[in-house]
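I am attaching a structure below and will ask some questions about it afterwards.
Note that the chains take the letters A, B, C, D and E in the order they are written out, and that residue 1 is the start of every chain.
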Amino acid sequence: MGAKRTDFIATVIINLIVAAVVGILIFLLAYILIAGLPHVSWSFLTGTTDAFSGAGGIGVQLFNSFYLLVLTMLISIPISLGAGIYLAEYAKDNWRTSLIRSAIEVLSSLPSVVVGLFGFLLFVVKFKIGFSVISGAIALTFFNLPLLTRNIEESLSAVPRNQREAGLSLGLSKWKTEIGIILPVALPGIVTGIVLSAGRVFGEAAALIYTAGQSAPVTNFADWNPMDAASPLNPFRPAETLAVHIWKVNTEGLASNASQLSAAASAVLIIAVLLFNLGARVLGNFLYRRVTASK
Amino acid sequence: MLKQYSFEKTAVQTFAGNVSLAMRTENLQVFYGANHAMHDADLGFPKNQITALIGASGSGKSTYLRSLNRMNDGIATVTGKIWYHDVDINEPNVNIYEIRRHIGMVFQRPNPFAKSIRENIVYALKANGIKGKAELEERVETSLKGAALWDEVKDSLDKSALALSGGQQQRLCIARSIAMEPDVLLLDEPCSALDPISTVKVEETLLQLQKKYSIIIVTHNMQQAARVSSQCAFFHLGHVMEYTPTATMFSNPQIPATQDYISGSFG
Amino acid sequence: GKATSSSSSKGSSSEALSGKVTAVGSTALQPLAAKAGANFTAKNSKVTLTVQGGGSGTGLSQVQAGAVSIGDSDIFAEEKDGIKADKLTDHKVAVVGMAPVVNKDAGIKNLKMAQLKQIFTGKITNWKEVGGKDQKIVIINRAQGSGTRATFENAVLKGTDAVKSQEQDSNGAVQKIVGSTPGAVSYLAFSYFTNKLQAVSIDGVTPTDNNVETNKWKIWSYEHMYTKGTPDKATTAFLKYMDSKDVQDSLVKDMGYISIHDMKVAKDAKGTVTQN
Amino acid sequence: MEQTNFQLKKQDAQSHEWDVRLHRATRATREDWLGRGISYLCIGVIILVVASMLWFITSKGIATFTQNHVSLWKFLSGTNWAPDQGNIGALPMIVGSFAVTFAAAIVATPFAVGTAIFMTEISPNKGRKVLQPVIELLVGIPSVVYGFIGLAVVVPFMRHLVGGSGFGIISATFVLFVMVLPTITTMTVDSLRAVPRHYKEASLALGATRWQTVSRVILRSATPGILTAVIFGMARAFGEALAVQMVIGNAAIMPKNLISPASTLTSQLTTGIGDTIDGTLPNNALWSLALILLLMSLFFNALVRFIAKRGQLKNGR
Amino acid sequence: MLKQYSFEKTAVQTFAGNVSLAMRTENLQVFYGANHAMHDADLGFPKNQITALIGASGSGKSTYLRSLNRMNDGIATVTGKIWYHDVDINEPNVNIYEIRRHIGMVFQRPNPFAKSIRENIVYALKANGIKGKAELEERVETSLKGAALWDEVKDSLDKSALALSGGQQQRLCIARSIAMEPDVLLLDEPCSALDPISTVKVEETLLQLQKKYSIIIVTHNMQQAARVSSQCAFFHLGHVMEYTPTATMFSNPQIPATQDYISGSFG
């Protein structure tokens, strides 16, 4: 049977390809974890970095990464939700919409260096905000927006039309229909999208080097008033993230154990992304069940 | 190829002066871009009766029905007048949300929200400002009873509506519509996705509901039209060919097109 | 530029100093500035001091634009087109010595200045021509416009153009690549020497701090902190602190730089060396 | 109100009441205005961001030509890149960028498509539970990490395998291959899943084998989606900076082969930007590189759009 | 709530020895995981006749039908025997592709490929190694004629199949199946998405096709079963309750469940 044999061969080839891909993935993860994990300790996770050698812990950087991520998401989720709804619901199918879509996609494919430099010249220099969490968050928002917007639009459009008709035929406004009926159904897809973009944001360095800065001033973790200069929550302080830290240790680090430090930091970063992914997945499912009352 | 029937020869009743009408259309025309999908429909729908719209696929039944509560807004261009309580609701400045509250709609494929059974009914009520817990509870019960679903679901109001069978889902959609206490209920082939048993249930429900509502139903199933409707409109290629009491249409169709369609030798 | 030579014993702060100081620029100076800054704010808790990298070009641009209080630079402002040096005040805070480095396998410990020049201009392409192994020479340059490269080329190439080759934008990358690539040659600040690299002597002079101090070793440069106009109190205090014994005698040396105070010679923007 | 021959029983007061009721604004109307306002505002913000970014890069990028009077043709065709000496020929970087981008796409596509087929058709369960999370995790690995693994593993490997210094287009290709693999794979999976199930059933019911079904029905109808995925991967590769810079060798010379150092637009941009002075030729020249990058993303986009249109034509009526 | 009918009392004809059967199942059971969706089905399908499978939604008709050409592989666990030309095709080592070539299938929703009309038919033929241009052309024509579609599409064979009407699409799917020259044709509610006119066309097509093929059709529509089938199997909750000649079933159903279902008072 020719067809059957072809089928068999094709299946074998695909399995080989997958094996190769999985092999690469496992190698990468193993490489990072094996090189890094032995150097990870509690004091490494919570300690502060020695500013001159780059040695020491990464507590502040870890916090900065999460803080920046949260701030970025706080800014970008509402905007992309609004924009996604606009595209899914209000945008007519004409040249203007297609221009808007192109604009969004161009933004998403801009190299992050360029975004970073733009953020630098605009926020840091022009608006004199300086190297700060907020500058970094806005720069990250720039390239988070297109990803999230596209994802939200797609998730919303994937909800069957008859759900929309159901809402509209009851006299609900378009907005109410979209927010109360379509959005909950689209939620798992949206959460997955947020996870994916969160991963990218978490690992981004190029855009942050010039915006959030490369220094992690020691902060006072007992002071949670965002207005205080020493507070970790102060959005106007410079904030080196984990990814930037890895970059810096690798490029300028003077410590004799620089490579171990960066390996350890990389391992922590990967694990953080992993935990974050898992958490968001669980949350997505939970929300979905809550909202749709299924099971 | 389809037989050619003259669109000049039609038989459309006008209820001159003796029946109270829930809605009426005058010169209703619908265009999908350049596609002229509905020509000059002049139909009146008596209060508290069931009117059936029949005709072959693509004849414009759904198009016409969806125009009645402005569900074609943004999809098609609808011209002509739609009278409802002496107001032409086809004017741009009417409040379409208000119209749809008064003119409910149920679709071909059951489309309950992905929420609990109770939430399905309560959601639109809340959105319209009805807050009282007691009132909401009461509306849930009366509407589910009205749609003949109460007994089957009263113990599982918090279960997902998606777990119901197709027929139950469709009755839930009817319940959801009537919870808004509309005047008119539009149904677009509500039984075509259902098995015969569910179909019978829905039909019984409709016969009950006509005491309170005026009902317009699109159906492919001529037996169904015969069973439930008081009058029947036959659509063909975007034209209303005949509009007569159901008994008349099935026993004594007035024009050749209807005769052929009823006897199944059409097309 | 004028060099500040007064040395006060302690950062004596009678009244509480306050304000915001931002130093941006040279990545080579960044570790020192950051560490000194941390010590400084420890004593003056009302001062917010931020140190960022970004490159010498960025530092000079930003201080000239008035966007930051201090522009860190590896090179004289006069050397950069587009910078009006006369509007800026130079504060030299340290000296950095640089030396050619080669991968250990090349078997090279000493080179003549002329040979070095021929290597970087592409005339010599194999290590055996200068007494090393039969191995192709792989040149790793710093990016055009980088202070380290400018210093190296001023001292070694003296106006001729370097051959086009790999460019890296940081000491760390150069350090890694030279360490791991057979036949690689580049140049690094003394503080980046590791046991994976071979630092090369030139004409028998070894790259040591002492040789830099007397200008026997020719490849070195200042680390500058530039200010524009009249700096505010906090900035002035910080610059003064940078020049203090506290910094110059311990911190600077600990971190592999050479103290300004130890220099027996001075160099100006044109490269003219005068005995102190 | 128009008089008709139709006799609705009307009382004027009542009819007036309905007239009012059906015309006045209600909560739903207000909600809709609010919603419209919010979503227009949001899209407005995005447009503003894009517009200012475009304006900014363009105005800086064309300064090379308007202020420094470099000829555009020289910029695009010159092969000597030494901005400090006033030579700005960007061709080596342009060629380098295209070379690594295409090479990475060519290598990654079969792997991505194969993996996607596995995830959707051969073992959907494992695909969803194991491969998908792992692939999504890969997206989160920062480019610096990729760069340093590249430096530590790929460069020495290539050095032993093909000789030379190990730096060059081939190493960059390999690193980019791994980096764009997740992008292309996830998007391909999406487009394979979007193929209606009934196409598959129809084909199977006709006695076609799985491979026949996949290759002739599923892949065929997912082609526009897969092409889009590849282009997105290419866009990502084109714009990637840190990782490429570490392994490509970063020498601004025309690439003669795959194993000698070359450079890309992004690698020159990141390497040089910190050491140049705002407003001078070297700085403007770098922004001109950024402008090319921008124009390329516009181009990739137009391409995606074009493919989507063609796809609709092919699949639709 | 559904009435309870005893699964002990069934009436299933066996065609003992006197009819030539195209296919036959013996003790066929289907499990979706733990869900036992089909119990012990023992049915024989006479050659060149149409057999209808009827029953309420969820009774297992599709499940049973899809097992016959192994379309449930990988979805459900099917045990028991399926005899086709004296071979048990439910064994793991049979070539399922070959089986499906001989036992064609048409689905509820018309599912033409997004290709031209011609390509839709030619696709599977090519996949099975038929290459000759002349032969392909001929098969296209005969199969389209067999499905009573030729006259309507002969001038537009290169147009997209998606541009056809629902009824035409469904007949194209039938044509696509019979182009493979199968023995048996399985149809799962082929008319449920179609209007009455298209339905009549498809039914006429089936009546023609039974001369050459053995046909098994699942339908919700009892009139349809009555119109086209020679014998009829009634499914209930995964059990075959009655399997008798169609005339018998509709005039004189043997067991209470069937009686109730036929009369519409079921459930």
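Simple rule for what comes next: a contact is a pair of C-beta atoms (placed from the backbone, for glycine too) under 8 Å apart; a residue touches a chain by one contact, two chains touch by 3 or more.
Note that the coordinates shown come from a computational prediction; the quantities given were computed from them, not determined experimentally.
Visitor: In terms of touching chains, how many steps apart are subunit A and subunit C, taking the shortest path?
Guide: 1
Visitor: What is the set of chains touching both subunit A and subunit D?
Guide: Chains that touch both subunit A and subunit D, as defined above, are B, C, E.
Visitor: Could you name all chains that are in contact with subunit B and with subunit E at the same time?
Guide: Where subunit B and subunit E share a partner, that partner set is A, D.
Visitor: Which two chains are joined by the greatest number of C-beta pairs in contact?
Guide: Among the chain pairs, A-D has the highest number of C-beta contacts.
Visitor: If you average the Cα atoms per chain, which one ends up farthest from subunit E?
Guide: Result for max centroid distance from subunit E is chain C.
Visitor: Take the average of all CA coordinates in subunit B, do the same for subunit C, and state the distance between these two points in whole angstrom.
Guide: Distance between chain centres: 83 Å.
Visitor: Taking the mean of the C-alpha atoms as each chain's centre, how many Å separate subunit C from subunit D?
Guide: Once rounded, the distance between the two centres reads 40 Å.
Visitor: Measuring centre to centre with CA averages, how many angstrom lie between subunit D and subunit E?
Guide: Averaging C-alpha atoms per chain gives centres 46 Å apart.
Visitor: I need the residues of subunit B touching at least two other chains; which ones are they?
Guide: Residues 97-99, 127-128.
Visitor: Quick one: which residues in subunit C touch 2 or more of the other chains?
Guide: In subunit C, the residues touching two or more other chains are 27, 53-54, 65, 169, 173, 176.
Visitor: Quick check on subunit A: which residues sit in contact with 2+ other chains?
Guide: In subunit A, residues 3-4, 171-173, 176, 250 touch at least two other chains, as defined above.
Visitor: Considering every pair of chains, which are in touch?
Guide: Inter-chain contacts occur between A-B, A-C, A-D, A-E, B-D, B-E, C-D, D-E.
Visitor: Which positions of subunit B touch subunit A when the two form their complex?
Guide: 69, 71, 97-101, 104-107, 109, 111-116, 119, 123-124, 127-128, 158-163, 173, 176-177, 180
Visitor: Where on subunit D is subunit E touching in the complex?
Guide: It is residues 196, 198-199, 201-209, 212, 216-217, 221, 314-317 of subunit D that touch subunit E.
Visitor: If you look only at subunit E, which of its residues touch subunit A in the complex?
Guide: 95, 97-98, 127-129
Visitor: Going by the contact rule at the top, pick out the subunit A residues touching subunit C in the complex.
Guide: 51-54, 124-125, 128, 130-131, 209-210, 213-215, 217-218, 229, 238, 248-254, 256, 258
Visitor: Taking the complex as given, what residues does subunit A use to touch subunit D?
Guide: 3-4, 6-7, 10-11, 13-15, 17-18, 20-22, 24-25, 28-29, 31-32, 78-83, 85-87, 89-90, 98, 100, 102-107, 109-115, 117-118, 121-122, 142, 145-146, 149, 171-176, 178-179, 195-196, 198-200, 202-206, 243, 246-247, 250, 262, 266, 269-270, 273-274, 277-278, 281
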